[in-house]
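So that we are looking at the same thing, I have put the structure below in structure tokens.
Labels for the chains are A, B, C and D, by order of writing; each one numbers its residues from 1.
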Amino acid sequence: MEASCFSEASTDFISNHEERDHMVGQVLVNGFLQGGFYACIGVSFSIVFGIMKVINLAQGTQIILGAYVTYTVSQILRIDPFFTLPLAVIGLFILGYLIQKYIINLVAKGGLVITSLLTFGLNLTLINVALLIWKADFRGTNPWYMGMSLEIAGVTIPYVRLIIFVIALLFTIFLELFFRKTETGNSIQATALNPKAAQLMGIDIGKTYCLTFAISSALGGAMGTLFILAKPISPFTGGDFLIILFSVAILGGLGSIPGALVAGIVLGMVESFSVMFFGIEYQKIALNLVYLLILIFLPKGLMGKRFYG
Amino acid sequence: MVNLGRKGWLLIGGGLCIFLFLAPFVLRGYWIRLLTNMFMFAVLAESVNIIAGYCGYLALGNMFFFGLGAYTVAVLMTKFSFSFFSALLIAGLGASLFSVIVGLPVLRLKGQYFLMGTVGLLELLREITTNISLTGGGQGITLPIFPGGAAAANHFFYHFMFGLMLISIACTFYISKSRLGYAFRAIKFDEDAASVMGINPTPYKTAAWAISAFFTSLAGAGYAYWMSYIDPGEVYQIMPSVKMYLMMVLGGAGTVLGPIAGAFFIEFISELVWGKFLELHLLILGLVLVFVVIFTPKGFIDLFQRGLTPSKLLSGIKANRI
Amino acid sequence: MKKGKVCVWSSWGVILICGLVLVISSELVSAQEAKIQIGAAVSMTGRLAKEGNLVKKGYETWAEWINGRGGINVGGKPHKVEMIYYDDKADPTTSAKLTEKLITEDKVSLILGPYSSGIAAATSAIGEKYGFVTIAPVANGDFVYERGFKYLFSVLSMATGDLVPVAELAVKQIPKPKTFAVVVLDHVFTLPSLEGVKKRSLELGLEEIYYGKFPVNTSDFSGILTTIKSKDPDLLYFGGFFPDAVSFYRQAKELNVNAKLYTTTGTAGHPDWLSVMKKDGDYVLAQVTWHPDMTYKGPFFTSVSYNEFWKKRHGEDSSFFSACGFVAGILMQVAIDKAGSLDQSKIRDALRGMDIETFFGGFKFDEKGKNIAHRMGIVQVQAGKQVLIDPPRPGVKLLYPAPSWKER
Amino acid sequence: MSILEGKRVTKNFGGLTAVSEVDFEIIEGEIFGLIGPNGSGKTTLLNLINGIFPITDGEIHFGGQRLNGLRPHQITHLGIGRTFQIVRAFEGMTVKENALVGSLFGTKKEKNISKAMKEVEEVLDFVGLGAKRHYKISEITIADRKRLELARALVMNPKLLLLDEVMAGLNPREIEGLMEIILTVNRKGITVLVIEHVMKAVMGISQRIMVLHHGRRIALGSPKEIAENEEVIKSYLGEKFARRERTFLKRG
């Protein structure tokens, strides 16, 4: 079966040329738009990873919680999902801050096993809470503009995906500026480079970590809002993000935001082009292979610092 | 607690083994299955202990060896009509070989990156298995049922997992006493210093992972034959991996019997949990994880050593908080 | 070192104590026995929680109902039933363990099966070991029944037949469709149905112009849809989990990929489909194991009266998952009635010889335990309603060809 | 004859040059001092010798064997033992176990653990850690950690011993003790290279001293010559010390 559709998927492109060109254009756009979203969820994971050296296995579920906020609010107030974005951001910001302050900070020095186990424990807990509140049903939104798209030179660009892309992009840029320009941002980066030194400079590590995690969580919340526009969610959806989060963080380089941005888009491209050339069943394989190869052969990621030792 | 001599402990240990060996002849099916399950997790926890607890390389995706073993046996038995044990052997050695091959590049990674690398491998292997027709793809694969009725099957798999556990314990014990063990621990604590003291890290790391892979794969192989139906999404999961780590940490990483004890403890806990609170077990398992890492980051053996007073509990926090 | 050892052993002590406590408690549980205890391990959490809970609801309702009528009639005198539920977390290992627990610990007299083929495959092996009848309410992957089990019975016809009626309907339509495309999730839930309809379509002289298998957790279908668009098939057969189906058809709309007929496995018949997809869900076909508008008659209920009964109890139409659970109960009870005892082998023989119609449809089992008398229903979403179009009913017709996304 | 020889040894980290074109030669059996202000490249030079950093340019030979491109463990097996400036003991192992690693994997790769145990205990007694052999690293003082570092290097039974500031942060009495130990080691025929900031110690025990400044060799000679070398005084020792040292050396 694989063999047959492999050949199918590839032959039809050789067959007809301008169809193929139009195709490439479309695939390019698809990959790009998807990539924007990947980049942003990747960033939300990558900053915690880069700054606190914590692998937040609960990030996926935090994203889903953001989506649930959007779902609930837009259901109750009957408003457009996009307008719930600030609520998702604020809600998850607070949640993230509390989690870091009262849980993760307690084991921040515990090393990798400890923190990873902790975040996984948090993940299970959050999932089960979501399960109790929203049940296992699939929840989705369906605003009036859902599924509408504009067409440019035979390439269709869905509005929703376009908006998602733009917003994701804005968030990423905003975050980068925050880290570069603001004092808080700098102190966070200083902590990332060398916690001890930062402490001597009078930076409150605990507080910085809380802030970092809160920001990451808030960003996740925002991405949740965007996600539920494209796809319905259930409490268990969060796990699906894991490998994307990892890939973006690795490919982009330890905690580098511009890197993550590029990484996200590269992954989006890999995804859609792998479909074009090998057929969709090889999509995930392609993604994972790229991920592992980068991890092994491109130790610095695209724009980050090296990560042996 | 009274301190019996080495002999005393050996006596108790031996007694316990005999007791457990004979247990299935008196216990009812559910208990046999429960214990079999525990033995399986004990093996998994112990094999994680070898690579992570002793050698310090956190192979969170270690479960892909489990899937590898499960599928090797499944395919060999169904498609090439191997006998279980010959398939088993191939599964074990195959996994070790595979660990060496992927280990050469992947073990160059350190800390989080190794951890994430192994998770990547888990995902990759699942996807590949799903896409090969030989493995029955996403539809999974059905193994021949164990011949000879309920009791026979129960006893067979019970003793299989039990034996496997004993072997893994013996192996770990040997390691902890041998040059290997010292090399592993040296690498765990400071790889550069270790190499300056004459240890060439690469072969030792690889060896650690190969041993770990061997046992994990055998457990997977047994599991496949036991369940008689497997599909990729089920044998390539990250959840059991995390459980293994919880067991290791709880029991005490880098000790011979800690992970075993941890495995038994956790399995009992989750068993109790299902019985009582149907819709809350994820929550409770999650909270157990959280509390364990906060209060007993060095496992409850360490806790016993320090004594179980609240102040000691809090000192557990002080160690890691910022 | 020594000290460490002491502690290890003391922890072993703790564990053994835990064990003892557990043994005793379980003894206490299995001590009291008055009624017929029926055990069921279903997914209340995990990926299949939604469906699992609906099946459980079916079981519960059946138990209430049968107790309301005095209970199951065993050899002349009625026994009340008492259900014991466990959560298998949609995990075969757990499910197998719990099934064994039900049989050997709780000493239940009967087992009602779990949700989904993958899990039934594991639990039926246990049932077989102990000679316990397993009636699988919603597990129709052929492979489950190909292992020569003698105590396993399926409520449903096999998955390979799920969507066959769609192909048969389609070829009767004007303009007659010529080509079809298959997009299917590489998973035991979906592959058999799609393979089945594909085979039938080829037999009916339709041409396959695209076949794509996608892995679990595929979020973006635009690549595959772009390919399909360039081939412009008449029929679009899609098989996937709920979220897959939703994002597939949403992106189909976004990329304006049109066909004359859209199909999904189950999902368009799924309770959540309408609420999530709104009007974009229209025109899509799906198979349902049961539907309130079916016209089956049987002991106790007709399709209609069953649904009314359900409405009274729960204030909503019965989902087909619940119906599967409910009818599994009825089967069990009819079989026992016929067997006149709780002896599993007698019950099995009763089921073997069974040939009846119920509100759910016909029941007649072949030697493998497949139900050969049941036929899937096909619904099409019409104006936000899941309308039963097969088996055909007066005044209901398939909307064909479906208007393009732009024209809606 | 020379046991360790460096020809125009150079190391660049990206732009900056940590060690540039340093020539040196260590005679078998001597104690060779290596001094210089912080950041003058002393430790880097050590890291080049035992292969932690790849050498950028030049050559290092150990008893005729070219060291360039060898991995640390290989170099150790040739017979170069080393201590770390920032103590790198294996936390979570006992003092004894720490040392044991050295004897199991060092130059002679002792296979028999119980035999290894014995000599480890001897060495620990020798450096004065015998009583604390079962302590965890976290339980012993800085001085003891330094001793342990030394012990770990000794059990590897090297021909050449590289000591990186083993005396830093110790009180005078402890320093005296360590000097004694080092001299005894040297008497056993082990060549020693010491990096030290404690002038008194390094002047006291070394036969020859090399001074590094900004990664360059600015002087090489006997303690007396070094103490009188104008450039060294200017750049490093400072007048006051030099004067005291001269008078100290005159008295002999």
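Here, a residue touches a chain if its C-beta (ideal position, glycine included) is under 8 Å from a C-beta of that chain, and two chains touch if they have at least 3 such contacts.
This is a predicted model, so every value here is computed, not measured.
Novice: Moving only from a chain to one it touches, give the least number of moves from chain B to chain C.
Specialist: 1
Novice: Given the two chain pairs A-C and B-D, which is bridged by the higher number of C-beta pairs in contact?
Specialist: A-C
Novice: Farthest chain from chain B, comparing Cα centres?
Specialist: With centres defined by C-alpha atoms, farthest from chain B sits D.
Novice: Approximately how many whole Å separate the CA-defined centres of chain A and chain D?
Specialist: Roughly 50 Å, centre to centre.
Novice: Taking each chain's centre as the mean of its CA atoms, how far is chain A from chain B in angstrom?
Specialist: Each chain reduced to its C-alpha mean, chain A and chain B end up 31 Å apart.
Novice: How many Å are there between the centre of chain B and the centre of chain D, using C-alpha atoms for each centre?
Specialist: Comparing mean C-alpha positions, chain D is 44 Å from chain B.
Novice: What are the residues of chain C that contact at least two other chains?
Specialist: 45, 186, 213, 215
Novice: Enumerate the residues of chain D that touch no fewer than two other chains.
Specialist: In chain D, no residue touches at least two other chains, as defined above.
Novice: Return the residues of chain A touching two or more other chains; collapse runs of consecutive numbers into ranges.
Specialist: If we look for residues of chain A contacting two or more partner chains, we find 1-2, 128, 131, 281, 284.
Novice: Between which chains is there touch?
Specialist: A-B, A-C, B-C, B-D
Novice: Within the complex, which stretch of chain B touches chain D?
Specialist: Of all residues in chain B, those touching chain D are 177-179, 182-183, 185-186, 189-190, 192-201, 254.
Novice: Given the complex with chain A, which residues does chain B contribute to the contact?
Specialist: The contact residues of chain B facing chain A are 52, 58, 60, 105-106, 108-113, 115-117, 119-121, 123-124, 127-128, 130-133, 137, 191, 238, 242, 245-246, 249, 253, 279-280, 282-283, 285-290, 292-294, 297, 317, 319-322.
Novice: Which part of chain C faces chain B closely enough to touch in the complex?
Specialist: 2-12, 14-15, 18-19, 22-23, 25, 44-45, 85-87, 89, 91-94, 96-98, 100-101, 103-105, 118, 121-122, 125, 128-130, 141, 143, 146-147, 185-188, 191-192, 213, 215-216
Novice: For chain A, which residues count as touching chain C in their complex?
Specialist: Per the touch definition, chain A meets chain C at residues 1-2, 4-5, 8-9, 12, 16, 19, 23, 26-27, 30, 34, 128, 131, 135-140, 142, 146-149, 151, 156, 158, 160-161, 230-234, 236-237, 240, 271-273, 275-276, 279-281, 283-284.
Novice: Could you please specify the touching residues of chain B with respect to chain C in the complex?
Specialist: That would be residues 1, 3, 9, 12, 16, 28-31, 33-34, 37, 127, 130-131, 137-140, 142, 145, 149-150, 153, 223, 227-229, 231, 233-234, 251-252, 255-258, 261, 264-265, 268, 271-272, 274-275, 278-279, 281-282, 300-301, 304-305 of chain B.
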